Structure formats: structure tokens, C-alpha cells
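This report refers to the structure that appears directly beneath it.
Chain naming follows the written order as A, B, C and D, and within any one chain the residues start at number 1.
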Amino acid sequence: MPCQTNGDLQLIVEEAKKYTKLGKVADYIPELGKANPGDLSIAIHYPDGRCISAGDIDKKITLQSISKVISLALVLMERGNRYVFERVGMEPTGDPFNSIAKLETMPAKPLNPMINAGALVVTHMIKGDTVEERFNRLLGFIRELADDPSIGYCERIASSELEAADLNRALCYFLKQHNIIKEDVEILLDLYTKQCAIEMNCLDLARIGMIFAMDGMDPLNGKRIMPDDVARICKTFMVTCGMYNASGEFAIKIGIPAKSGVSGGIMGSVPGKFGIGIFGPALDEKGNSVAGLKLLEFLSKNYRLSMF
Amino acid sequence: MPCQTNGDLQLIVEEAKKYTKLGKVADYIPELGKANPGDLSIAIHYPDGRCISAGDIDKKITLQSISKVISLALVLMERGNRYVFERVGMEPTGDPFNSIAKLETMPAKPLNPMINAGALVVTHMIKGDTVEERFNRLLGFIRELADDPSIGYCERIASSELEAADLNRALCYFLKQHNIIKEDVEILLDLYTKQCAIEMNCLDLARIGMIFAMDGMDPLNGKRIMPDDVARICKTFMVTCGMYNASGEFAIKIGIPAKSGVSGGIMGSVPGKFGIGIFGPALDEKGNSVAGLKLLEFLSKNYRLSMF
Amino acid sequence: MPCQTNGDLQLIVEEAKKYTKLGKVADYIPELGKANPGDLSIAIHYPDGRCISAGDIDKKITLQSISKVISLALVLMERGNRYVFERVGMEPTGDPFNSIAKLETMPAKPLNPMINAGALVVTHMIKGDTVEERFNRLLGFIRELADDPSIGYCERIASSELEAADLNRALCYFLKQHNIIKEDVEILLDLYTKQCAIEMNCLDLARIGMIFAMDGMDPLNGKRIMPDDVARICKTFMVTCGMYNASGEFAIKIGIPAKSGVSGGIMGSVPGKFGIGIFGPALDEKGNSVAGLKLLEFLSKNYRLSMF
Amino acid sequence: MPCQTNGDLQLIVEEAKKYTKLGKVADYIPELGKANPGDLSIAIHYPDGRCISAGDIDKKITLQSISKVISLALVLMERGNRYVFERVGMEPTGDPFNSIAKLETMPAKPLNPMINAGALVVTHMIKGDTVEERFNRLLGFIRELADDPSIGYCERIASSELEAADLNRALCYFLKQHNIIKEDVEILLDLYTKQCAIEMNCLDLARIGMIFAMDGMDPLNGKRIMPDDVARICKTFMVTCGMYNASGEFAIKIGIPAKSGVSGGIMGSVPGKFGIGIFGPALDEKGNSVAGLKLLEFLSKNYRLSMF
């Protein structure tokens, strides 16, 4: 069933697009800096297979931090909750995503899996003997979630990120010093940057959001892709810390479990209802798609989507 | 309709009661230290007026930090969202409730209304010319929420807290230095400690939780006590920062909007379903009722109450 | 023996005066804001009683933070080293003078007696039953050091400071919460602001610096005003943390034990040689007299005064 | 002129040796963990060539953090003060030597050259095209200071440290992210760990301390090894931050410019008088030789060596 352009959605996108001017494309990773700041598109994926959209939803985006939710789901399935949460915490933090200070004043265990330090620990836990094997395990899981075997990753962006990853290197070595990460740092960063560079379009993103919204069940074929408690844990983190240090405000104003990435992508999961995929690369100063936030705010208000 | 003792609930309370031994009664306020650490009781209040309970639900408890949600609701109604959120933030924080450090490294505006610094700013915003007038406005609101005109406050505990309030004094003067609080600090603390000392039983607490669960509408008489967006904002803060720096873990494991206090009380709001009032004064090291948490965990798991 | 205007010193003052334009008079205490930013004067007091000067050395200034060294000397004499250093630390800190964060992440004991938190603890230790008795004890000590019985304090500035002291109130209540300060906070602040408002001219200041330079002995009458280890401890703090968070740079570039105040005063002690009193109210962003620093830099370089 | 065992010194060493039991040998670098915790020796080197000693002064020790003062002297000579202090600060800090938090809350420039972050920036500035060339430049300087061409470095300890250097790696990558360090991190760490592993006996250490004490001049042959302002800057840092976060207490109690290392070495420089080399590998919890501190305290008190 092809995705249909929707008139109402197009009107909202046009309105939200005005806000792209208030943001800036991330340029600390040179390859990301090439995105067009005026872009904005959205796809909504329903459990019955219907899909509506607006904007150029075929444009591909890399997951970046959105991948943190998916790697968390995989690792919770592979390792179990106890193992995972002995190594990464559950508490939101008012600090920026790349903060290292809390690692020092608190116990070295990262506060949650959505900040970089915690996401690196999560990726560290993906099972497998080689980067290739571990990456393919994650990629296979993502292809299954999106029902799209064509999903791959962008080598250019992965290499570009690996070169610009000194802050993540600092986090890794700090965690290694405290025995939270045990493997070779460059191997972990190779895997992590490939994970961040996994590429898909808004439609795929919306479909993955829909699977989380349906508690891990693929409603079209009745197959359970992940246990419902794993899906629920992921949605909880999306609420408490999915939108960097604007998560609290996002929960108040919009109230949809969502995860953003510096590529300008946002994946949303309206529990029991549908998944959302957004692409809008102009970011606000906290790293969230500025027009994407507006778009979600319009949707949440008009259709009363807040879960609170 | 009187509240009925419920057999299933009694069994769960008996089970959870074992955990009271792992906690300690708060004693930094001497009057609170007199509570019996073995106590545990619960009331559940349904929108249709039914109420079930277990344990001694007539025992009175002071609200302490639970009052922070209610004063926030009042102030949002009196002042509007924009005014309030210019003075207090929306972001959760991994720091303890009484932390002052973030006020210094971040802008001086408190990160959220559930930490002490933020709650003091909220109480500061309660309208009125005298402590008495402002306190009565808050008390009237609480009596309406609980539908119980007999609710008052405990003078002994209020005085005991006022004397032990040096850390809150420090927070107030810091906020005053930064022009976030403008009134006399002792007046504010007088009002704030009275607010914390408002006293009720589990049944009242459950009823207030039920009003929040019903988005601010009193379903028995159809009267709207607060706008639905105010109720939703309050529930959002209960999820992201209602259980001190264990809020993230609570959201993951239990997933019910809830607010705890150092008296050992917990108010829960299961959206659209019912309100919960719990009293169990033995606290864990983060300040939450240790058996109360267990009780909520059993309930959430058995009856699938998590909103995620 | 009257103080003589010195030609060389006048030339250096004229040169340093140009830098007054780079600073600003402190205005957080309204009364201090009335000083003339273009002022600059200096007196140098030798052990043999000679004194040379430049600029208007009769103008009176309040000690402000300079008083911290003198109250420390008094308290070390009254209480002994062990008692004092159980309550305040010896370590310099890179934080600003009014920081509260370190009190929280480190043990609550203030890091050193030159930051406000530490100085408040020192003043707290001055013996006596009333503010008046304790203040007179300190004032008597200062009159003896300066050999000037006419020294008093400025009531206007003391009151002005007491009103603007909310940050110091915050520090006091924080310290009181942690049992480091035990008396009534307003009484302590009354004493502390009077201490800060003690008023003298550059000549007095230079004479006090000379007594520290001579290890606590008054060389003119052979009387020991303080034990030599007390004088040495004070000079050590002047080196490691006498110039706020520019102390390290000051030690490198100038190398003279010195203490500054936000009134624009600087007291210097060149060990074994002479004392210096400077007044230049235009401050740099760290709170030190901008032209006073230049003046000391010229003197230190030309006459090789660095103790390193 | 051979170094002579001195009776008085032997008595003091015997007394101080009792304190070795209160400390522990550093074992985070496995090779260092092999030292004998009961060892204690001292050499004192006078400008006229005389040398007195006690204990086994032929035992070799690695410089570890003591090397930070010497690399700073070299870099100040090679690059000039302005260049160096644009890249590393001058302020002491109350934080532990390996702290990363301040890099984040303050500007990323390390607070001073004695904490690891600052020392890494200093070593980064040593001129030369290869690690070998840069290391030899530093080694040559050290051999000249000690007048001992046999000085080398311990390969085992250097390799052991390079493997255990994850925290320093974290600091380097953090600094690289902020453009303060520009070279390959592994190359810098190779050079830095070799620098730390430079090995000498107490006599050599005392002689280097003597050169600093004499403001950079070798008094025996009249040759100036470094400009006097470089020597003075180094001694200033030894006072304000040479003994980790016990520097303030050390300045108060002992008052001798000194730098310690986790190998248990301490180099002291009594201005104008003599140099001291101490070896006592049992460390206190801040990383200073516990018996070495006692030894210096006895010497400072008995011979009035404090510069304050």
C-alpha cells in the first residue's frame, strides 16, 4: 500500500516550514552540514498499513541519536533488563547530551541510555565477535522493524563522524578507565558511528515508530518483533529523555514519546495509534529539528495526541 | 459511599509491608521522625465514587512534597503557563531534590517545579496579600479537590519544619539574589512550610489523584476543578520528576504519574482510571516510601497500569 | 613621621592610572558605587617608620575582603590552628569568590578562608557574647595593627551591604544546615558586614601590611602583635588565594602576598621589607583593582619584589 | 664531591619512616606497585656542591608528575610565556589532579600546568618532529639540570603507564575536541608517558631542585640553564599547585616550593638555599608521599625553611 500525500498534513507542514529559518543544520559532522535547512517532511504510519505523508518523504536521512532507542531495544532483548541497567542508569538529566561532568561527580555509570555516554555503553553490549557481525545484527533488527530489507548505512557519513568523534572518544576512554566499557575504543566507535549512519526515509522511520506504538507487535502479520516490556521501556526513555535537554518541555507541550537526531530526524510513537517519521534538518540550539517540533506541536494540539 | 476494605489489596499490602524494614523514617524534621516505620496503607478512588482500601486509611499524613503538584496546579490557573514557566523550568534533573549546584552552573532559574528550589518559586507565585490569604486560597483548592472541608494543616509539623528549613532558606536567598524570588524569605518559608504540613488521610489523597486522572473534572458532579491542560501538565511533571531522582526508574518500572513526599505519602493518578493514596513512612535513601514503591510495582504489573 | 610624597612613585601611579578606564566600580553594594573610578593612590610603609606615597592617601576606603586576612589572624590567635582548620580548609580554588557549588560536591567545609563561605565561618569564630563585643575585639586588633585609634567603620556602607547580602545569607544558611555555623545568621551577617565596612586610609593599610611583612612584630616598639606563625599563615593565604580567582596569575606575575577588596583596596606585604596600601576603585571582572594590579606589577618588576 | 650521609638527617628520616605505614604504594600503574612501601630517603644539594643525605639515595625513581615542572620550564623557554599561557591557565584548583569536570564548566583551557590536563598541553608544546626528537630535547634538558648524562627512562614503566592511561586519553580527546591539543593523541601519550618514566636517584632530584632554588643558574660553573623568570614561574606553580589538592595545606605547614609524583618522589627548592630530593613510595590519599611530607615538615620547622 503506497503512502498517500495528505492535504491537511501538507497545510500543517507548510505552516511549520516557516520555522526552519530559526534553526541551523548541524555542521560539526561535515557531511551533515550539506543538508538543505529548508527541508521538512513527515510520514504517519497506521497499524492497519495505511500511511499518509507530506513533503519529500523519499529523501534519506541518517538515524544519528534516533538509533539509541533501537540499539537499546536490541540489547534489552539480547542481555535482559538486569544486565543492561547494571551498566546504564534510568534517570533523566538536565545536562546536555554530550556532558562528561556528571560521570565524575556521580558514580561513573552513565545516567541514562539516551545521552552519548549511555548510548556508547548500550552499543558496547550488542553481541557478536566482530564489528561486522554486531552491526549486521542491529541492521537486521532495524530492517525487520521497518519491513524494508533495503536499509543500509551511509559510509561517507560514518567516516566523517568517526573523524569528528573526539568527544565520544573522551567519553569512551573515561568509561573504560572505570571498567564500564571493556572493548577497544576504536572498535566501539567504528560500530557506533556506523549505527548512527544507518539511513532510511521518513516512511521507514514512521513504521518503526508504529511498532513501538503497538508495544513491539507487527500488527500486519501478527509477529512480535520485541517483547512488550522492551517496547514500553523504550517509549518511557523517549518521554523522559528522548529530546535531549528539552525533553521535559517536549513532554509538557507535546506529550508524544519521541526521539530526535542531529540529522534533523524525529521518530514518534503515539501509543496504540500510529508511528511518525519526520525529517527537518534545521536544528534549534539543543539539537532538535526546529520545524519538526512545531509540526508535532500542531499535531498534538489538533488531534489531542498527548499521552498525559 | 464509604471506602471498602478489599481482600486482594490487603494481600498485596501484607506482601509489600515486608519491605518497610529496608527503609527509615525521615528524621531531619523531628516531628516526622515520630511516625511508625511499619505502617502501610492504601486507598484507591474510582471516578464513579467507589473506593477500596487496605490498612489503616484514617491515619493522617502531611503532604510535604506532594503539595508541590497541587500548588503548581493552582499557580498555573492563577498566573497562566507563560508567566509560570518564565520563572521555573520544565526539565528533569538527575540531581537530588535539595541541590543548589545547578542553580549556579545553569541560569539561576530552577530546572523544574518538583525540586525544592522550583517549588519555592511556585509557592512564591500564589496570589494574595498575606500568608493567611494565600494559604487559605491553596487550602480551599485542596479541600475542593478532595471534597473534604475538614482538611487543615498540622501546626506542630509546620513549626518543626520552619525551624529545620535552613537549606530552603539558603535556596530562597540564592533565588532572591537572582531576582527570581522577590518577597521576604521568612514570609515565603512560613507559607511553604504550612503548605507542606497540610494534613489528610489516604482516602483524600486518592481522591485528589483521581481528579488529576480525570483531567481536572470532578466526575461525580461534572464540575471542572481545573482546566485539562493544567491537569495534564501536572501529570507530566509527576512522570518526569515526581519521585525525586528515582523518577526515571519509577517511570520505567511502574509508569504511573505519581508524587511522593518525605512523610511517606504517595499520590498516584492512573489516567482515565482512578486515583491512589498511599501512606508508608519508611523511606529509601532517595526519599520515597520503600513499601509504597513495592505496592505500586505489584499493582502496575498485575493490573497493567503503566501508561507506556 | 609624616608620609612623604615620592616622585618615582608618582610617575608609576600616573602610568598605572591609565588602566582605570578598563575597570568598573563595584555597584552591587549601592554605596560602593559612588566611588570615583579614576582614583588611584598608594602608600608604602617601611619597618623603620618611613612612609612614601603618591595620590590622595587620605581618602578613606572600606576593607571589604581585605578584612578576611585580619579576622583570620585574630581567630587563629583566639582559637588556635587546629580549631580553625577543622572548620575551614586550606586549599585554593579556581571558582569565583561567591561560589556555593563546591560546598555541595565537596564536604560542606569551605575550601579556604578567603572565599566568602570560609570568611563567614572565620567571623563566626570571633569570640564574644554580642556583636558589639566581637566587633570591638576585631576593631581593637585592627587599630593596634595600624597604630591608629581613630579607625572606625562606615555605618552607611555596612547597612547597604546588609541589605544586599542575600548571597551571603544563602551561604550562611547552607553552612548552618551543615552545622558549620551555629549562631543566628542575621547576627553573623551584622558582624560580618560591619567587619567589611571598617574604614581606613592607604597609610593605615600599608602599616598593617608591614606588620604582616615583619611576621607580626611591630618593629618600631618591638611589640609582638601576633605570633609569627599566624602572620606566616596569613601571608600564605594571601599568595594562594588573596586575589580571588586571579590569585595564581598574580603570584606568577607579581609574587607579593596581597589581599584585595571590592572597594578597590589592596594590602600588600613584601616579606621582611615593607607594607603596601593601594586604593583604586575601578575593578576588573574578577573583582581586583585594575590599576592597582598594574601598579603592583610595575613595582614588582622594577624593584624585583617577587618572593619566588 | 660525593654525597655524605648526615647524622641529623638520618635521625629525622628514622622518625618520619614511621609514617610510611599510613600510606599505600600507587598501584594503578602495575609497575609502580612493586615499590617497597617502607622506603624513605633524602638528599640535599647545596649551591656550593656539597651534598648531604640519609637512606638509600642510589635507588632510582621515576619522575611521574615531578616532570610537569621541568617540561613547563622547557616549554616556557622554547615558546615564551604568552604562547604557553594562552593554552594553559595559572590558577590553582581544589579539584583532584585527574579531574575532567572543570574542563567542561569553565572554558576548556586547563586551569594550570600541574593538573594532568594542563601537563598534557605542556608536553604537547615541546618542539620537535618526532617523539624521539622531542623526548631527547626534554631528556637533554634534564641531564643538564642534574649534571648527569646517564639519566634515561624506564621502558617497563612507560609501557605500563601507556596501557593504563585511559583517563589521560579521555582528557586528551576532550582537549583535542576543543582544539587545545592538535596532534595525534597516541603520539602525545607516548611522549608523555616516557616523560613520566624518566628515572633518576634522589641526588639528581636534589640537584635539579637546587637549580630552581638558584633561579636557573648553575652556581658551580656560572652557567645559566634557564632564565630566572622561568625558574620563578616554576617555583610559583610548585607553591600554588605542586602537591595536588593538598598544595594549600603544604604551603601553610611547610612553605617550600615542591612538586610530588605518584612514584613517591618529591623535589623541593628552598629559594637561594638548596635543593631537596626525596623518595618515599607510600602515598596518602591525595597522592603525596606520606613520610616525605613528614620529613619536609620536620625540616621546615627545625630549620625555619618556610618562605612565608
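Things worth noting here:
Just so it is clear, contacts are C-beta pairs under 8 Å (C-beta built on N, C-alpha and C of every residue); 3 or more make two chains touch, one makes a residue touch a chain.
Please read these numbers as outputs of a predicted model, since none were measured by experiment.
Because chain B and chain C share one sequence, their contact can be compared position by position; here over half of the interface residue numbers appear on both sides.
Note: Cα superposition of chain A onto chain B, rotation of 180 degrees, nearest 5. Note: the chain lying farthest from chain A is C, by mean C-alpha position. Between the CA-based centres of chain A and chain B the separation comes to 33 Å, rounded to the whole angstrom. One finds 55 Å separating the Cα centroids of chain B and chain D. Chain A and chain D have CA centres that are 48 Å apart.
The multi-chain contact residues of chain A, meaning those touching 2 or more other chains, are 105. Taken as a contact graph, with one node per protein chain and an edge wherever two chains touch, the assembly forms a single closed ring in which every chain touches exactly two others. Contact between chains, using the touch rule, shows up for A-B, A-D, B-C, C-D.
Of all residues in chain D, only 89-95, 102, 106, 111-112, 232-233, 235-237, 239-241, 245-249, 251-252, 255, 257, 271, 306-308 touch chain C in the complex they form.
Of all the residues in chain B, the ones that touch chain C in their complex are 99-101, 103-105, 166-167, 169-174, 176-177, 185.
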